[in-house]
Each structure stands twice: as structure tokens, then as C-alpha cells.
Amino acid sequence: MPTVPLIEYADASPEAKEVFDAIKAARKVQDVNNFWKALANHPDTLKRTWESLAEVMRPGALDSLTKEMIYIAVSIANNCDYCIHSHTASAFAKGMTKEQYAELLAVVGMAFETNALSTAFKVPVDPQFLVQTETKKEDKP
Amino acid sequence: MPTVPLIEYADASPEAKEVFDAIKAARKVQDVNNFWKALANHPDTLKRTWESLAEVMRPGALDSLTKEMIYIAVSIANNCDYCIHSHTASAFAKGMTKEQYAELLAVVGMAFETNALSTAFKVPVDPQFLVQTETKKEDKP
Amino acid sequence: MPTVPLIEYADASPEAKEVFDAIKAARKVQDVNNFWKALANHPDTLKRTWESLAEVMRPGALDSLTKEMIYIAVSIANNCDYCIHSHTASAFAKGMTKEQYAELLAVVGMAFETNALSTAFKVPVDPQFLVQTETKKEDKP
Amino acid sequence: MPTVPLIEYADASPEAKEVFDAIKAARKVQDVNNFWKALANHPDTLKRTWESLAEVMRPGALDSLTKEMIYIAVSIANNCDYCIHSHTASAFAKGMTKEQYAELLAVVGMAFETNALSTAFKVPVDPQFLVQTETKKEDKP
Amino acid sequence: MPTVPLIEYADASPEAKEVFDAIKAARKVQDVNNFWKALANHPDTLKRTWESLAEVMRPGALDSLTKEMIYIAVSIANNCDYCIHSHTASAFAKGMTKEQYAELLAVVGMAFETNALSTAFKVPVDPQFLVQTETKKEDKP
Amino acid sequence: MPTVPLIEYADASPEAKEVFDAIKAARKVQDVNNFWKALANHPDTLKRTWESLAEVMRPGALDSLTKEMIYIAVSIANNCDYCIHSHTASAFAKGMTKEQYAELLAVVGMAFETNALSTAFKVPVDPQFLVQTETKKEDKP
């Protein structure tokens, strides 16, 4: 049960309705999903979140599916139930194969394990890792 | 400062030396990095971790760079200093462009924000997200 | 389903009953909530937790509602279902307005996003931030 | 050491310079802090993050200091070094007293402890907590 | 509802069946639990995870119950519903007493609280803690 | 650098001095470590935290070393630098062997990995895990 009522289109404020319309147009869907209906209780946050998300998830240097898989990885690490379900469904809808999903989760699992070990040992960062990123200085704008 | 001494090749146990040799051969490097030198204090964990990592990070349904970017995303969420540095360096070494890195971090940042909002509202999962993954039942082995 | 039975007043140990009585008196309620019924399985922890909580949550330099909002922020970040529900309900009961709740969650969401970005970039702390807190040395007791 | 170079004003892209100017004007400072210099590597993220942050942190139903304290609470829970330092310094600059800081951290500490206990016991949410937020339905827009 | 179908023995691939057989033999059970049925969608991960887990959880320098209690502590901190339930049940099955469980949770709770406080204050590590682990250098292999 | 000055005994308030004395007596040490010197800025929190910690860490149904190892496990999962160092040093001081440390970290690492996988799959809890803890109802006080 959510901590706020889910706002349906008919009950939404004019500002929220406008965002709902934008989401429905962009995603070619009849109705927005529950995340947006919860956010509609806070129209400013709804608008800001949708605009940011639309900008960030647009295909660019990374394609849409890669972005969804990164989103899943973070949502697992942050343990967000809703986000795991919605982005896993989204990734499958965008063509993620069963094999890609298997490898995605295997990488997430290994990352968790080595994250724990590195943190436990307080492993000092190797100088070459610092140098390697440092050399990025050349291509600064 | 690590909680254990970093074990150099010359001081490593025979079992650890064997893993060091495997890492150096697989990665075509002169020396292993600090993570493995810390793990060499626990040769069983060293061996198991290397073998699992090698299997998981091998290119397959996902290419090597995508796997590194997923690794970075998880390492940020788990806040692992060493892992953020080593996998960011690794991803750049495997050809991640500055633009891809920018989009990777933008997605991670947005995922954090919407993870927090979904968790705060306890948004109930939309039935279609459950259905969509449930229909995967058809392609079970 | 909890990992322990929820202990009702009638079934509680004398030590637990005493704490239940203290909670009911302090909060002017007929019955304690489930958190305390779970803790009643471990009367020492029940007693210690209640006494610490009562001391910490008492209005002082910060008022009660501000304390509840900080509690909600932490509970979201730690992803504690029970705590999100109980402290959100508590904050509304103490007068949190819909607008305050909206701003609270907006801040939490932004903090998550910039936490992720700062951690990802490993941004070095600006000297002035260290100086500013360091100057607190003057007012040490 | 950051994973990207810190971009100084003189080296910033025109789009980044514009955001730097906006930050300096809004905060009445001579130079932006390191977080923004890191973000300047990704001008789109810099612009979006600054605009969102400015909107969210503006005093409204919650005053500026309360927002900073919530930011600190989340940054501790997410363990963001940079953010803990910068927002603690910011809160002191906005007038947080030593006593308020003491109570803020005491609440964060207690929240952590009870978050862990509630999660460990998987305490079921009391119906009255659900009802209480559910009754918010009356004041939906 | 899981993101993948739970694979029963009759429907499992030959490779998954082999792992199921190994689990049933090792644990002297008629059926594997849901975790393994979910992993059976990804037979490579199933095999690797089972083999690693069997190696790690085998009694050695630490007995089986101590290992289960450490597993519970981590699962609480990572907020893994399934793992909290399965490892708490496992620990009770291996003889954890009610008193041990009470003390385990009390330690986890206190650790959470002092973790938060240490992180909030950014307490510098005392030199003697570094020295103490540093002296481990003598007993390197 | 800490966010507060570290308070030495000579500069401590009478209330803080009393706690410092109690710590020095209980631990038979000449000086308290930095965690307590930071907490001395907030004497109420100092007193409450020391009293709770002393009660919780006292050997009981679990011995001192087991409690330290659980503390380490949580501190790794919460990524608390100070706590990882101080409790790892403490555990070694209390007799943790190199082999026990190796197995402790191996369990923590595996727990992280399976926590991630269970969370990713949203594995439903097996009924027998619920039953097993539910049967604890018999031995309620």
C-alpha cells in the first residue's frame, strides 16, 4: 500500500495532467504507470522527474536497452522493488534476451561479491588506475 | 591502508602463484593489481573469485564494455572506492568514450533518484510489469 | 510474516510488560505497535531500544516533526518498509503538511542523485568545507 | 583523486560556463565547488543537476536549514564522503547550532538501529499506519 | 512474484537437474528451495553459485552456525527479504537458540548505529588499529 | 578530517570525562579511541552509545569474538571505514585467526552475491522458511 493515494488522470491537477499527456504521447500508452500516479501528488516533482528522465533515457552514446540494464543494476543494488519490476519488464520489452538477462545478473552478483571483498580489505587503489583516468585530462573540453 | 598485507608474487603461496600466473596470462600483464594481492592472503578465496570472475566477465550475450559499465553502476551503488576506480579505468581501457561515461553516470544518478522516490512512496507494482515477465514462462527450457 | 511471533501484552514477560506500559503512557495509546511486539521477544533489546528512542526523539534543539522527517529520510535510504510506513504516518499525525512531505521527498530524491554522482566521480572535498567545520574547534566545551 | 579532471572556469565549455555563472550568482561566491567542476565534464548533466537542485533546495514549505539537515541524513545513509562534508559545512553556514547537529546525528543513529531491527524481524506494518496515510485520499487535488 | 518463472525439477535443463541433484544429496532434502528454482533459468549461474556456496559454507575455521549468523547479518544490512527468511530459518534449524538470535540482532542494531555515527563524523582511523593489522605481516605465507 | 574536533580528555566536559573514565576502566586502556573523542562533542550521545555498546557487546549467548565478527560483517555491508578498521583490529586482538578471518570474508562475499541475485529475481520466500520460524511461537515467554 502506497503512502499516498495513486492519482488517476481524471483526478489529476492541470499541471499533472499535462505531464501525464506528455508521458502517454512519448511512450504511446493509454495510461501512465503507478510511479507517475504516486508522483502526481507532488506535481512539481512529477514534472521535474519526467523531464529529467526523458532527457537521460533518450538513446545517445548508449542505446536504450543498455540504459535499461544499467537502471536494473542500480535498482537491485538499491533494492527498489518497484524499479526492479518496472525496469526488468521494460528491458524485456525493448528486446533484452534471456541470455542477456542471465549475464546481466551474473555481473551484478559478481560485482556485489568483489565490492564486499575490496571494501573489507580496504584495498588501496593501484596507481595505474589513477593514471589511466588522469590521462583523460588531455581530452577535456 | 589495507587490513591485510598485499602479497607480492615472490612471497605468494604456490596456490596463489598459480592464480597470479593465470591472471597475468589472461590479461597479458606483468603484475596483478592490488585486489588480487590482498586476496592472496586467502588462497581459496583468491582462486574461487578469479575463476568466477573470469567466467562471468567473458564476452557472451553482453560485450565486455557493457559488462564493465554494469560493474561500475553496481560499484557506485555499493560505494566501493577501489572498484569504482578499477572498473572505470578498465572501461576506459576497453574503449568507453567520454560521452558513454557521461550517459552512464546520468542514468545511475536518475536511477538513484527514482529508486528513492519509489521506495519512499511504496509504489505498488503495476500488474502489466508482472504479466510481462510472467509471460517469460513460455520460453523456459 | 515476521521471523518471530508478535508478543501481545497478556503474553509478555514482566520486563516487557513494564516497557509496554511505559510506551502506552508516553504515547497515550491503548496498545503498542508491532515493532515493540516483535522486540518483546528480546526484553533487554526492547528496554534499551525504547529508552534510547524516547531520549533521542524528545523535542530539544530540533522539534518533533523535524526529527520524524529526518527519520523518514534515513528509513528511505535504508529501505526499511516498516519504518517508512510508521514514521510517515507519525509525521502526518504530528502535523506534516502535504507540501512539506512533497518537499521532503524531493530533497531525498535529489540527495540520492547527487550522492551517486559525487561517489561515482570520487570528487575531492573542497578545503573550505573542511575549514568551515574545523573552525567549530573554537566552541568546543 | 577524481575519475575525471576538475574543470576550471577558464577551461569550461560555453554551456558549462553559463551554469557556473548561474551558480556563482545564486550563491554569491567567487568560484564553484569541486562537485560542479567534476560535473562540468558532462555539461548536460551539470545543467540538469544544477537546475533541479536549485528548484528543490529553494525554501518553501520547509526552510533551507531543514532541507540541509535532511540532505545530511541521506548522505550519511548513502555514505557519500563529499556530500557529508559539503552539506554539513553548508548547514553550519546556514546557522545549524552544535546542539541541532548533535540531535540530528542522534536521530540518524537511532533510525539506523531501528531500521536494522525492523528489517531483521520483518515486522508487519500495523493497519493504523496504512489507514492514517490512506485517509490522505480526502485531500487529493 | 519473481521476475522469472521458478523452474521445477521436471522442467529443468540437464545441467540444472545435475545441480538440483547435488543440492538434494548434500542437504538431504526432497526438493530444492525457490532460490535455486529461480537460478535454474540461468544454469551457468546456478552451477557456479551452488559450487561456490557449498565451498564457502562448509564448516572450517568457523562452524556452520557462526557462518549462518554472519550470513543473516549481511542479509539484514543488504535488506534481502528472501535471504533474511531463509538464513534465519537455517540458523534456527542448525541450533541457534532464542538467546543467540536476540544477541545477534542486538549486535547488528548497534553496529548500524555506530556505523552511522562514525560515517557522519568521518572519524579518522586511530593509528593503533592500522598497526595492529599491519603486524599481521609477520604471518604472511 | 572529521566534521567535529576530536575532544581530548583534558578538554572534555565533566559528563564526557566520566564516560571516558568508564571506557578506560572497562577496556584497561590509557586513552579512548577517536570514535569516543568525536562523540564527546555530544555528551548525551556519548553516554548513551557507550552504555548501549557495553551492554550489547558483553559476552553472553554469543562470545566476544563472534560478536566482533558480526560487527565486521555489518560494517563492511554499511561500508564504514572507521568501523571496518577498528573492529577488524579488535577481532584480531581477541584471537581471531587468519583462517577465521578468511572464512568470515568469504561468507560475507557470498552473502553479498546471493543477496543481489535473490533481490534481482524477487524470489518468493518458501513456505517452510516461514513455518520454521513460526514454530518458535511455542517457546514464547
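Here the chain labels run A, B, C, D, E and F in written order, and each chain numbers its own residues starting at 1.
The rule is simple: a contact is a pair of C-beta atoms (placed from the backbone, for glycine too) under 8 Å apart; a residue touches a chain by one contact, two chains touch by 3 or more.
Keep in mind that what you see is a predicted model, and the values were worked out from it rather than measured.
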Chain E and chain A - chains in contact with each: B, C, D, F
Chain whose Cα centroid lies at the greatest distance from that of chain C: B
A-D against A-B, pair bridged by the larger set of C-beta contacts: A-B
Per Cα centroids, the chain farthest from chain D: E
Euclidean distance of C-alpha centroids - chain C vs chain D, Å: 18
Whole-Å gap separating chain B and chain F, where each centre is the average of the chain's CA atoms: 28
Where chain B and chain C are represented by their mean Cα positions, the distance between them in whole Å: 33
Shared interface positions of chain C, touching two or more other chains: 1-4, 41, 44-45, 48-49, 52, 56, 74, 76-81, 84-85, 88, 98, 102, 105-106, 108-117, 119-122, 125, 130, 133, 136
Chain F - residues contacting chain E, complex: 1-4, 6, 33-35, 38-39, 45, 49, 52-53, 56-57, 60-62, 66-67, 69-71, 73-83, 85-86, 88-89, 92-93, 97-100, 102-104, 106-126, 128-130, 132-133, 136, 139
Complex contact set, residues of chain A against chain E: 79, 84-85, 88, 98, 101-102, 105-106, 109, 116
Interfacial residue positions of chain E with respect to chain B in the complex: 1-5, 7, 11-13, 16, 40-41, 43-44, 48, 52, 55-56, 125, 130, 133-134, 136-137, 140-141
Complex contacts: residues of chain A adjacent to chain C: 3-4, 41-42, 44-45, 48-49, 74, 78-80
Chain D residues touching chain E - in the complex, by the definition given at the top: 72, 76-77, 79, 81, 84-85, 105, 108-117, 119-122
